[in-house]
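Right after this note come the structures.
Here come two complexes built around chain A, the first alongside chain B, the second alongside chain C.
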Partner chain A sequence: MSASTRTVDRNAGTPARAARPPQPSTARRRTYKMGHGYWWWALPAVILMLGVVYLSTASGAFFAFTDWTGIGSFNFIGFDNFVRITQNPELVGALINTLLLAAGFLIFTNVLGLAFAIALNRGLKTRYLLRTLLFMPVVLSPIAVSFVWKFIFAYEGPLNQFLGAVGLKNLQQVWLASPTLALGCVLVVMVWQNIGFTMVLYLAGLATVPPELEEAAALDGAGAWTRFRTIVVPMIQPSIAIASTLSLIQGLRVFDQVLALTGGGPGGATETLATEVYKTTFVYQQFGFGAAMALVLSVIILIFAIAQQAATRDRTGIGD
Partner chain B sequence: MFQYTRRTLILEIVMIVVTLLMLLPFWILIVTSFKTLPEVLSSPALAPPTAPTFDNFSTLLSPESSQSAGIIQALLTSILITVGSIIGLVVLGSTAAYVLARSTRKWSTRTFFLFAIAIILPTQLGTLPLYIGAKEVGLVGSPWGMMLIYTGMLLPLSVFIYAGFFRRLPRDYEESATLDGASRFQVFSRVVFPLMSPATGTVAILAGLIVWNDFFTSLIFLSGSAWQTLPVAMYNYVGSLVSQWNLIFALVLVSMLPILIFYVFAQRKFIQGFAGGLKS
Partner chain C sequence: MNQSRPFGPSRLALVAIPATAALLLAGCSGGGSGSGGNGGGDAAEPQSITLAIGSANPNEHQFQDVAKAYEAAHKGVSIKVENLPGEGYPQAIATRVQAGNAPDVFQVASGSGQADSIAPLAKAGLLLELSDPDIKDRLAKGEEADFQYNGKVYGVPTATAVNGVVWNPDLAKQVGLDVTAETSLDDIIAQCPDVAAKGVAVFGLAGAVPFNPGIASIELATSIVYGPTPDWNKQRADGKVKFATSKEWKSTLDYLKKMFEAGCFQPGAEGAGFDALTNGASSGKIIGFFAPSGAAKSIMDGAGGHVTLTVLPFPAPKGVDPMMSVSSDISVAGSSKTKSPKLVADFLKFFTEKEGSKTMADGQGTLPVNATDTSDLLPQYAPVADILTSGNTRPFASVTWPNPKVYDDLGSGATAVMTGQKSADEVLKQMDSDWG
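Here is the complex of A and B:
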């Protein structure tokens, strides 16, 4: 602080000095507060956020009811785009794929992530090292990770080599070219990359469970499963809410892995809503129709996110 | 009761084996990128290369290679866009969150609510009008446009993290600086800004990773331009390499190195950022 500002001391003599009880700061304290005069500090962020998030989303929803191609004029066509979606088997298939992937992703990342978190919570000597290693895939780009797995699933790849080595030669195949198995392969890659993420969220929750509580319950004769169900689960409820909501949203939005692993194939067997939105809008230039699909995806995400929050939060009333 | 028993030892061994299995893709990635193509196709994928070769990397990165310029350019573009976006998110996010957290007026709670809703709002729907708007003003295919878009898209996250931090920050420092005659701006730049570095670290790591690894947005906004980010350049290049796994894996390994090096040095901060930043 420069000497000149100190000598000016405009605020000397305000009642602030007298009113300084030792209690922690609350909103009622008058001493340091920012009033109307500083709203413009938030202005650049608010304008950018309104433009990039709200304005664009609102106009996207608007175009969903038009037949715009991205250039020239457009007509209002009401719900025609949405009717077209339901009549197109490939898009209905993409919707089902999206829901299947999201459900599988939600279940596997959370069950495995929680299992890893419990195993690495305390006791093990190598727990910090193992946590660090298991979290590593999370920081990598899904595209890069998908290319590694594309080789693993390839005909000449390690998975078929392994099957050949253990005498299951008849199971060898081009995994990503199988209409029935390709979706499962995409799921494996998504889960593999994100187990570390849910694990870390659950570790943060488990850290709030006092060991004494579990010990006391154990002394009272509660088995491991009973302790988990009656003590751990209620106490990590906030982590469950966050991890399940985030993984569900992430699962519904899956795009990178599909594009890198299968490109949506074979024969549309792994198309998701996000890849269809991309292709319709930016490859085939059907902006209005693509916007309608994006609106469907967005509404699904919002409904699931809100329902998930309600379902996982209300039970304990802990909130966050 | 939580002593190191025989069961703990068994669990420890099981977890080490499970972790090693989980890391197998990394092992395959590394050994394959040092093999020749005939060896990739003939040897077991898990076997280390008989004669490790750097040819794949030199084919990709040597100045004579047709692709090296593209890869290095993509690396620099990714760095530029990520750093620019982080700066935007720290400057705009912290100032906005500061007034929103320190003011108790109605407008500030309402504005904060807008930021909070924007976090869960899916981005797909907005991408298309954003693209048209950006094209109109000439921001498509430019790294500056990308910085602006990423900053706008991730500001809700940044404001949310900073506001949570400022709410927990006692006002005592700011009060005494004010009593010493500091202006609001001086209080922020000299007192608050240095104190908020934990929140800045969280914002930089979370937002930086999202921007660095983002594929969808840069695929759309930068397609066909000279500015390609690493994921998009990799995607395009791998498409032209058709099953030359040795070259593909050398490229993938090179693309992963910057973030992995970061991770090795700051893994604590990464994990804390993910566990804490998304929760509060």
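Here is the complex of A and C:
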């Protein structure tokens, strides 16, 4: 919008030029064009990226086709590790848990993050303080946060003590050892810690929504929900895409919280693909099989991320 | 506290003993004296070597004591001890050895299946062969194969631990519970509800940590499974028996469920971590918990003499002869790449000699390897002295299992059986599946 406004202002008083459709300025195009003579400036970073990220990933993928235990030599076993993955019921359970956590994390962090962002966007005097308080958990270590919550969820911990104190003793649970509740407890910790992050992303998006536009719509009789649906949501589409993509990826590779809170238990009830990869590789000493699982996990994340990007891409043209 | 490895019995000590309660952590004592002599092995070799150990307790120094004793007995020899973090030690040392950056001597696990176990490291040609016949003669009786690969010796045990119940007899007396090494499990289960009504649990269990229900299961199976069939593991390896078809293994898991349902464990045991054990033991809410016997000394040292603990075997069901699990799995081995092979071999031999073995055992609160004289046992071993001399002992079963996944299946499965998530049959089938 501002670019368009500038174009009109520049052309004021010159009707012939003003009649032409607005063109992106040459100077602006040059800003984003890298000269061929300077490609080598990026070479160190490219080499570092290739060596540190892609080469190590490729070597990990290489071991997925071996029976390496981490010590000594190994044999190539073709796709045996991948066949084994499909035949392992524990991994199916871990995959279901991973998808459940990812879906729950995606929905709750985004819904609550957006809700807090809208509530603290403008008007409220204490909004800066509240934003800071909501964002604080994000900067903490997930492991540290998980141990605090583990204490809260403990049988003799504050949560059960609180329930007992308010006369709800019948609701006291062994939260992290209950096969039906443990996964929910993990999700609560994940969401609690990351609401602040999505809130910040949505606040950035909401900052691009001009108050005048909403005021104009309100004057035209649009209700709060209509304004949100027809003005706010389309304009914060980039924020939705980023926040949902990041939270989906984060949900799919959940590890720290599960390991610290339940260790995958009870009886594998909270096991995820990432914890299975860790245990298989480093605890059970099956590096080849673990590498195959890691490869499968990467592909799953890639597929979901691409699908999610496609689903949330900006189709309105705003921001083009 | 003992050094340990994942899934080995002493792993429990690593975490269980007291990571969370500084009160309970304290130094160990020990000592040794040299017997004179010059050098160790060939003087043409470098006389400075490194010894790497994994420990979660910075106060323990039994390995340092052994190194000092050896240095005192061999002038000119210098041993630098590297104390690596106990958590992740197996992976760290395996990576280091694999990468060709091994210390001259390092702590390993006996048997197979762990990252730092003797068998896989020896198979990869990374360990120094110990050809001295004296060393072979001094390996822990009944566990000789756990220190060998293809008939050759590659590691030596450092001490022997009893894997039983670390017991608070004074607290038991306070709640009117009378338990001896001969008391049956059924008798104890019958008393659990009364004891629980007094706000005390007979046993503490860290159900959220597979090692703990795992060690409890193995200790119980030591009487039920391995008592009548000492070579059960060999039969399993030969395919003659299976977990899923073993009535004894099913009975083991069923008994744990009975204990759980009778309130023998503390409330919330299925979701508890090691902190619940240490907190419960130190606050008088738990009478006993399952751990290697070195835990008793660590806790008593940490409590400054305010607590008296003893070691008991895991009680056996009525009609089953009680057997006690003992293991000498904390071992040391030399690197095949060392520049001082003779010195390394001589130093390793020192661990098997009376002075080295006693220094280690005293420091850990364990027993010297192959100790036959029970007259100078530490006081906490008094209740089990007769069992030790009678020979009613079995090695810790999982040391010779083919991989750590089987033990993890048992540990996490035992908790799942208690919570009703899985049946004993399902757990045992999974163990068969992962046996390979």
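Heads up, the rule we're going with is that the second predicted complex is superposed on the first by the 271 of 320 C-alpha atoms of A that agree within 3 Å, B and C clash if a C-alpha of one lies under 4 Å from a C-alpha of the other, contacts with A are read in each partner's own complex, and residues count from 1 in each chain.
In this text, a residue touches a chain if its C-beta (ideal position, glycine included) is under 8 Å from a C-beta of that chain, and two chains touch if they have at least 3 such contacts.
Note that this is a predicted model, so its numbers are computed, not measured.
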| item | value |
| --- | --- |
| Greater residue coverage of chain A in the superposed arrangement, chain B or chain C | B |
| Contacts of A:220 with chain B and chain C, given as first, second, both or neither | neither |
| Touching partner for A:282 - first (chain B), second (chain C), both, neither | both |
| First, second, both or neither for A:140, with chain B first and chain C second | first |
| Partner chain in contact with A:262 - chain B first, chain C second, else both or neither | second |
| Partner chain in contact with A:69 - chain B first, chain C second, else both or neither | second |
| Partner chain in contact with A:212 - chain B first, chain C second, else both or neither | neither |
| First, second, both or neither for A:242, with chain B first and chain C second | first |
| Set of chain A residues, in rising order, touched by both chain B and chain C | 70, 154, 156, 282 |
| Contact footprint of chain A on chain B as seen in their complex | 1-2, 4, 8, 11-12, 14-16, 19, 22-26, 28-29, 32, 40-41, 44-46, 92-93, 95-96, 98-100, 102-105, 107-108, 111, 114-115, 118, 120-133, 148-149, 151-153, 155-156, 159, 170-172, 174-175, 177-184, 186, 190, 209, 212-213, 215-216, 219-220, 223, 230-231, 234-235, 238, 243, 245, 248-249, 252, 255-256, 259-260, 262-263, 267, 270-271, 274-276, 278-280 |
| Residues on chain C engaged by chain A in the complex (per definition of touch) | 6, 91, 94-95, 97-98, 113-115, 120-121, 123-126, 207-210, 267-268, 270-273, 276, 403-405, 408, 412-413, 415-416, 419, 421-422, 430 |
| Sites on chain A touched by chain C in the complex | 69-73, 90, 150, 154-156, 174-179, 262-269, 279, 282-286 |
| In the complex, chain A residues that touch chain B | 1, 5-12, 16-17, 20, 24-25, 27, 29, 31-36, 38-39, 41-42, 44-46, 48-57, 59-61, 63-64, 70, 116, 119-120, 122-126, 130-145, 147-149, 151-152, 154, 156-158, 161, 192, 195, 197, 200-201, 203-204, 211, 215, 218, 238-239, 242, 246, 249, 253, 255-256, 259-260, 274, 277-278, 281-282, 287, 290-291, 294-295, 297-298, 301-302, 305, 320 |
